[in-house]
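These are the structures, in C-alpha cells.
There are two complexes below, and they share chain A, which is joined by chain B in the first and by chain C in the second.
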Partner chain A sequence: MPVLIGTALFLWMAGVMYGAFVYAPPAEGLGETSRLIFLHVPVAWTSVMAFITSFVYSILVLRRNRHEDDIRAEVAARMGLWYCVLATITGAFWAKATWNTYWNWDPREISIVVLLLVYMSYFGLRSAVTDPDKKIRLAAVYAILAAIIMPFLVFVVPRMYMSLHPDTLINNSGKSQLADVRMKQVFFFSLAGFTLLYFWLFNLSVRIERLVRRKEGWNV
Partner chain B sequence: MSDWKTVLICSMVVLVGIFGYMIYLNLRLNKAEKK
Partner chain C sequence: MKLKYVVGFAVIAACVVVGVYMLKTSMTPYLPFKEAMAANGREVQIIGSIVKGKIGVDAKTGLRRFMLKDQAGTELEVETRENLPSNFEHAKSVVAVGSYKNGVFVASKILAKCPSKYEKKADGASPESRSAQ
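Up next is the complex of A and B:
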C-alpha cells in the first residue's frame, strides 16, 4: 500500500510538471515566468499548512502533555520552515526575472525573513532546553505564539504596505489573476498535489522522528 | 536570465529541496540506527 501511494503521488507530481510546463499557457504580462505560480504558490501554501499543523499539535501538547503530539508539532514546524525557505528562494529568482533584482526588501520579503527567523528561533529554543518535559511545553507555547504571528506576516503585513508582490487569489479587487481556465486547472491540481505530498512526507517524518526519539531514550 | 531559465531553475530548487528533505530524513534514520 505505501508503494502504491508513493507511485500515485509521483505520477500526480509528474502531471503537475506537465501541466506547468506544457498544458498551461503563459499569463499575459508575466510571460513564461507565470508558470512559477504552479510551484511557488503551492510551496508557500504548504509552508502555511505546516505551521498550522504545528500550532494544532502544540495546543494538544499543552492539553495532553504527550510526547507523541510534540513529535508532530516539531516535524510540522521543521517542514514549514523548509518549505518557507524553498518559497523564498523561488520567489527571489522570480523577483530577478520580473523586478530585475533578487532582493529589494519589499514588504513581502521582509515579512518572510521575519517569519523564517521566528521559526528558526523555535529550533534554537528546543536545542537550548535539555529536560524533555520542559522542552516540549516551552516549545509548544512558543509554537502557538509563532503561529498566531504567522497569518499577520503572511497575509496582513504585505497588504498593509505598498508591495510589488502580486496577490494571485486573495486580492483587494476580489478577482483572481489566473485568467485562463487551464491555468486555474493546473494551479488547483498543483495545490492538491503539494498538499498530498506534504501529508505523505509528514507521515514519513513522524514515523522516523518517533524511531529516532526511541533510540535517544525518549518515552514515545 | 531568460524566462524559461528562471522557470527551470525554480523547478530544480523545489525538486532538489523536496528530495533533499527526504535525504535528510534518511540520514537522520541511519544516524539513529547506529546508536
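Up next is the complex of A and C:
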C-alpha cells in the first residue's frame, strides 16, 4: 500500500513537471519564466499549510502535554521552514529572470526573510531548552505565536505596499490571473499534487522523527 | 483553551501588529519621491507608475528618459543608460535605483513589474505546432 501511494505520487508529480514545462503555454510578456508559477506558488502554499499544521498541534501540546503532539508540531514547522526556503529560492531565480536581480529587498522579500527568521528561531528555542516537558510547552507557545504572525507576513504585508512582486492570484480584480485554460489546469493539478505530497511527506517524517526521538531517549 | 491564554495571545498578537505598523517604513525599501529628491544625492530606490506618453530615447546621448508617478502623486523624471526591459510601456510599476541629481533621477538599475495576467503568448506557440515542424 505505501509503495502504491508513493508510486502514484511520483507519477502525479511527473505529470506536474510535464504540465509545467511542456503542456502549458508560455505567457505573454514573461515568456518561459512564467512556468515557475506552477512550482513557486504551490511550494509557498505548502509552507503555509505546514505552519498551520504546526499551529494546530502546538495547541494540542498545550492542552494534552503529549510528546506525540510535539513530534507533529516540530515536523510540521521544519517542513514549513524548508518549503519557505524553497519558495524564496524559486522566487530569487524568477526575480533574476524578470528583474535581472536575485534580491532587491522588496517588501515581499523582506516579509519572507522575517518569516524565515521567525521559524528558524523556533528551532533555536527548542535546542536552548533541555528539559523535555518545558521544551515542548515553550516551543508550542512560540509556534502558536509564529503561526499567528505568519498570515500577516505572507498575505497582508505584500498587499499593503507597492511591490515588484506580481499581483497575487487571489486579488481584487475579480478575474482569474491565469487566463489560459491550460495554465489553469496545470496550476490546479500542481497545487493538488503538492498538497498530497505534503501529507505523505508529513506522515513519513513524523514516523522517522518518532524513531529518532526514541533513540534519543524520549518516551514516545 | 483557558481564557487567560486567549487573552494573552491576543495581546501579544496586537503588540506585533502595532510593532509592524510602527516599522512601516522599514518594510519597504522604496522612498516616496519627495524624500528621494531631498536625499542629497544618496543612492535610493523609488517605485512608481509610468506616466503615459513620456518615454523617450535621446539619440545623441543614448539616455532613456521617462516620467514616473508615485503613490502620493508626485511626478519625477528618470533617466538611465540601461536598456529598458522589454514591454516597458506595459509595466504596472517600475523600480529605479539611483540618485536625484540636477532635477532628474539618474538610475543605475531599472526593474519593471510585469503585468500579472498570465495569458498565452500571442504567437500561439504550442507543443503540437512545434513538433509538427
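Keep this in mind: the second predicted complex is superposed on the first by the 219 of 220 C-alpha atoms of A that agree within 3 Å, B and C clash if a C-alpha of one lies under 4 Å from a C-alpha of the other, contacts with A are read in each partner's own complex, and residues count from 1 in each chain.
In this text, a residue touches a chain if its C-beta (ideal position, glycine included) is under 8 Å from a C-beta of that chain, and two chains touch if they have at least 3 such contacts.
Bear in mind the structure is a predicted one, so any value in this text is a computation, not a measurement.
Peer 1: Please work out whether A:216 is in contact with chain B alone, chain C alone, both, or neither, and reply first, second, both or neither.
Peer 2: So A:216 only meets chain B here.
Peer 1: Tell me the contact category for A:208 with respect to chain B and chain C: first, second, both or neither.
Peer 2: First partner only.
Peer 1: Figure out whether A:97 sits in contact with chain B (first) or chain C (second), or with both, or with neither.
Peer 2: Only chain B is touched by A:97; chain C is not.
Peer 1: A:35 contacts which: chain B (first), chain C (second), both, neither?
Peer 2: Only chain B is touched by A:35; chain C is not.
Peer 1: Check the residue A:56 against both partner chains and state whether it touches chain B (first), chain C (second), both, or neither.
Peer 2: A:56 sits against neither chain B nor chain C.
Peer 1: What is the contact status of A:113 with respect to chain B (first) and chain C (second): first, second, both, or neither?
Peer 2: A:113 contacts neither chain B nor chain C.
Peer 1: With the two structures laid over each other on chain A, which partner does A:191 touch: chain B (first), chain C (second), both, or neither?
Peer 2: Neither: A:191 stays clear of chain B and chain C.
Peer 1: Contact-wise, after the overlay, does A:9 reach chain B, chain C, both or neither (first, second, both, neither)?
Peer 2: neither
Peer 1: One more residue to check, A:162. First (chain B), second (chain C), both or neither?
Peer 2: second
Peer 1: On chain A, which partner's contacts cover more residues, chain B's or chain C's?
Peer 2: Result: the larger residue contact count on chain A belongs to C.
Peer 1: So which bits of chain A does chain B touch that chain C touches too?
Peer 2: Residues common to the chain A contacts of chain C and of chain B are 31, listed in rising order.
Peer 1: Of all residues in chain A, which touch chain B in the complex?
Peer 2: Those in contact with chain B are residues 17, 20-21, 31-33, 35-36, 39-40, 43, 79, 82-83, 85-86, 89-90, 93-94, 96-97, 197, 201, 204-205, 208-209, 211-212, 215-216.
Peer 1: Chain A touches which residues of chain C in the complex?
Peer 2: Answer in residue numbers: 1, 5, 9, 12-13, 16-17, 20, 26-30, 45, 47, 71, 85-87, 90, 92-93, 95, 109, 111-122, 125-127.
Peer 1: Can you list the residues on chain A that touch chain C in the complex?
Peer 2: Residues of chain A touching chain C: 22-23, 25-31, 34, 37, 59, 62-63, 98-101, 104-107, 110-111, 144-145, 148-149, 152, 157, 160-167, 177-180, 182-183.
Peer 1: Inside the complex, what are the residues of chain B that reach chain A?
Peer 2: 1, 3-4, 6-7, 9-11, 13-14, 17-18, 21-22, 25, 28-29, 31-33, 35
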